[in-house]
Amino acid sequence: MSLTRTEWVVRTIAETAIENEKYFGDLDSVVGDGDFGYSLARGFEKLLDGWDDLDRSDTGTFLKRTGMVIASRIGGTSGPLWGTAFMRAGASGGDAVARLRAAIEGIKARGQSDVGDKTLLDALVPLTDRLESELGDGASAEQAMRAAAVAAREAADATSDMVAKRGRASYTGERSRGSVDAGATAVAVLAERISETWQKQGAAS
Amino acid sequence: MSLTRTEWVVRTIAETAIENEKYFGDLDSVVGDGDFGYSLARGFEKLLDGWDDLDRSDTGTFLKRTGMVIASRIGGTSGPLWGTAFMRAGASGGDAVARLRAAIEGIKARGQSDVGDKTLLDALVPLTDRLESELGDGASAEQAMRAAAVAAREAADATSDMVAKRGRASYTGERSRGSVDAGATAVAVLAERISETWQKQGAAS
Amino acid sequence: MKKFVNDPKSFVPEMLEGVALANPDTLTYVPAYNLIMRTDAPRADKVSIVQGSGSGHEPAHVMAVGKGMLDAACPGDVFAAPPMDYVYETAKLLASDKGVLLLVNNYTGDRMAFDMGKEMAEADGVRCEILTINDDVAVQDSTWTVGRRGVAGNFFVIKAVGAASEQGADLDELLRIGNKVNDVTRTMGVALTACTPPAKGSPLFELGADEMEFGVGIHGEPGRERRALASADQIVDDLLGAVVPDLPYASGDRVALMVNGLGGTPISELYILFRHAHRRLAEQGITVGRSYVNEYCTSLDMAGASITLVRLDDEIEGLLEAPAEAAVRVF
Amino acid sequence: MKKFVNDPKSFVPEMLEGVALANPDTLTYVPAYNLIMRTDAPRADKVSIVQGSGSGHEPAHVMAVGKGMLDAACPGDVFAAPPMDYVYETAKLLASDKGVLLLVNNYTGDRMAFDMGKEMAEADGVRCEILTINDDVAVQDSTWTVGRRGVAGNFFVIKAVGAASEQGADLDELLRIGNKVNDVTRTMGVALTACTPPAKGSPLFELGADEMEFGVGIHGEPGRERRALASADQIVDDLLGAVVPDLPYASGDRVALMVNGLGGTPISELYILFRHAHRRLAEQGITVGRSYVNEYCTSLDMAGASITLVRLDDEIEGLLEAPAEAAVRVF
């Protein structure tokens, strides 16, 4: 993925997270502690504050710097997890799918978590799987992203049937069933926004 | 008034105050601090606890003892005021009207208050005036008491238009207008109960 | 009612028993008079200092009994002054050769109970003096009331006379000191929510979601006026706007600044109020020499706070600095 | 939202600035890292003790910085662990020849931030050790979670290692002591109302008028189960019923008993809980050697309380008795 496209994706993620502060926080307060939206929004605000000064030598460096700002400025569980994800994506090289796989491995390692634990992984992994298969089938980036967003949304919605095994929500055990995971839903919302605005941005990248 | 009749009046006051704990408390919480019903109820409960041991040498002694229990066991403003009232009624001698006049003077002195300050005096003084005039006009005790209760109720209701100048409610100034005084309403409730049950008790006294 | 309570009628005695159980070496509990007293009181060489008032203001006053503070407290029921009997029996139990100082917050019920109790104790040969505390500037037209109310500022009177009495001051000297502190102490409070007395079981008054009661009393008595909710900084400006000009506190003054929680407000928020009060005072040339941010005189579970200023001089500051111990200790 | 707040985003920094302004002689505030530290730290002859965690638990931990307690606290936002950067910078600022002890309540976010921060500080040559606190017995099936949570019992770990570090103990010795105290400390809490995070502006969860959350976490995490409201005594029985058998505490034991308020419960009610807990323990032959009744680790304005037991021996009791000073002082 080009640096310009990457910059745009990161910026879209940041702006969407800031816009959805309240929604994400409300999702986290059903069985969590309600700080998820606030944590992401404040962290991504800080990222945008220093936006122009981020090292843009290449796509990998840009993603690593993004991850470092996030890890060092977002608190809660999300700072280390999201920061690690961006840093690993930056370090991995390769195409978008490779970078996403690296991010996923980083989250798993940092969070000692896996698919099925009712976390953002349960949206991020299906998203990546679909992106990979669509691109493998020869879809355009825009088409693949659209399909991936749909997969993320379906997977996020499906977390409602799961019992949380990681994060604050895990203390509730069975009671976590019946509501979607905040992190997974955030991934779906971000993916949808990227997909919806992909074309508009198309000319530029 | 005979000792038997006096005992019955005091007992009726005690039982009625205990029954109306919540109502009197709610009246006091409109612009006061809500403890009036609780204070009276706890104090009169204590009076009834030691009821059989009260010195009954004569009506005056009985009233004085009643006042001492109330003053020493009811807190808030009501303990000293109601205790003083019963003690002075006991000390004064004379008929029921004379005793009530003595009680009123005791309250005024202890509370540094007077008619028009939106306190129990604003029901007790009209009650006593009417009792005196009815008895002077040759009414029976029962008839006089019935008229006095009506006077107390009218006067208590009329406190709604007054601004409190004494007690916790006085801190609210103009805002105390529009609700009746808790102490005055209590006097009306007690007088009504005495009047309503006077006849039933008639045979015994 | 979202409270830890068994029978509301036993709310006060159970609390007092808890205080005594938590402080077995230092406090004695006399159930008959709701009395919490120091185990080492009365002492022949020390004036005994007593305060009673309604309950529901904890830690005032039962948790302020201890070395350098009160010798005893005899509270009444929730928001009700103690019966005069409690005052009388307490004065007798605390009788010392140097006398008994009775601290009274200025309310009708409290004054009557203490006046009557004092008279009875004096008739028994106990030397007593009453010191009345009235720091609340919310009460404006005092010709219609018993005058200004005693609120959180009573802490400073207790602390000063408590320290002086440990140092051997006699009753007249304590009266002088207590009155001096009271004279330079001013408080005003604000309620964000109503409190719920246990026996009532529901909020004492209605306060809309966007309203606050400005100048509230510690018994939930309505204050100066009901106002729209405002920011923390604006509330501080308004409280200081009532408190500062009242004495007045002026540029060059050194003060103690207390932000007192009313029971339901977390200490984090009290520090947000403190921050702005400190800055505003600095702008006016008033130096904060001593800081107090905690709960001192509450109104059950009311969310709210009060701000108190005390103008310091060397004597008062020295007494406030003196060590003290009481059940409200944290360590 | 019935809170004293300006911009919710500045809730934590304004609170911290307030703490610093109220303690100008003893505390320093470093805004960039939400850092409150002792003015006299780091000392070459003393291990520096640091705790961070989410904010909203005050007085824990920023108001527990002081002599005999913490050397510094670097809290995150409300209910959010501090970013690893704060931990890293704090460890560097507090670096002492004797090392830095990082106290961590056992939550995923806190552990990750402290692990990452520690690694970075060590890379810079700062000797650090992490001590994890996990006293909450409400978490039962710990295979699915990061394990038991750290709650109000952290006070005892802080107090013990704080005292020992003043007496010159080295880092290994502090780890031993801290782990020893943590191992004999158990807590469980109950919520009567939900708390309202300032940034959310509404209660974190719904709790019916007749319900309570039994085993609640200090971030408002649901606990063991939602139950019908019960009397104070019944609640104590149920909390002790979970805490006592867990260690277990047994007849002949001497314990510290803490009743900790969660922010919105007045101290009067805490003493009502304390009273019954004390009596129940006595019936079981368990002696209360030290008593703590106050707010230590809160959940914003939540009405509720937790009960903590610590099994005492001479070493622990001696450390708990040692003097301490912190912003949460009352006098």
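Every chain is named by a letter (A, B, C and D) in the order it is written, and numbering of its residues begins at 1.
Simple rule for what comes next: a residue touches a chain if its C-beta (ideal position, glycine included) is under 8 Å from a C-beta of that chain, and two chains touch if they have at least 3 such contacts.
These numbers were taken from a predicted model, which means no experiment stands behind them.
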Revision key, fill the gap. Under the touch definition above, the chains in contact with both subunit B and subunit C are none
Study note, to complete from the structure: Note: chains that touch subunit A and subunit D both are none
Review point. Can you name the chain that lies farthest from subunit D, using the mean of each chain's Cα atoms as its centre?
Key: B
Study note, to complete from the structure: Distance in whole angstrom between the CA centres of subunit C and subunit D is 29
Practice item. Please work out the Cα centroid separation of subunit A and subunit C, and write it as a whole number of Å. Key: 54
Review point. Which integer distance in Å separates the CA centroid of subunit A from that of subunit B?
Key: 73
Review point. What parts of subunit A, by residue number, touch at least two of the other chains?
Key: none
Study note, to complete from the structure: Multi-chain touching residues of subunit D, meaning two or more other chains, are none
Review point. So that we know how the chains sit together, what is the shape of their touch graph: line, ring, star, complete or other?
Key: line
Review point. For this entry, which pairs of chains touch?
Key: A-D, B-C, C-D
Study note, to complete from the structure: Per the touch rule, the subunit D residues reaching subunit C in their complex are 2-6, 11, 14-19, 21-23, 55-56, 58-59, 63, 68, 159, 192-193, 209, 229, 231-233, 235, 263-276, 278-279, 288, 291-296, 298, 300-301, 303, 305, 323-324, 326-331
Review point. Touching subunit D in the complex: which residues of subunit A?
Key: 22, 25-26, 29-35, 38-39, 42, 71-81, 110-111, 163, 165-173, 175
Review point. Taking the complex as given, what residues does subunit D use to touch subunit A?
Key: 9, 54, 76-86, 88, 107-109, 112-113, 116, 138-139, 141, 144-146, 149, 197, 199-200, 204-205, 217, 219-223
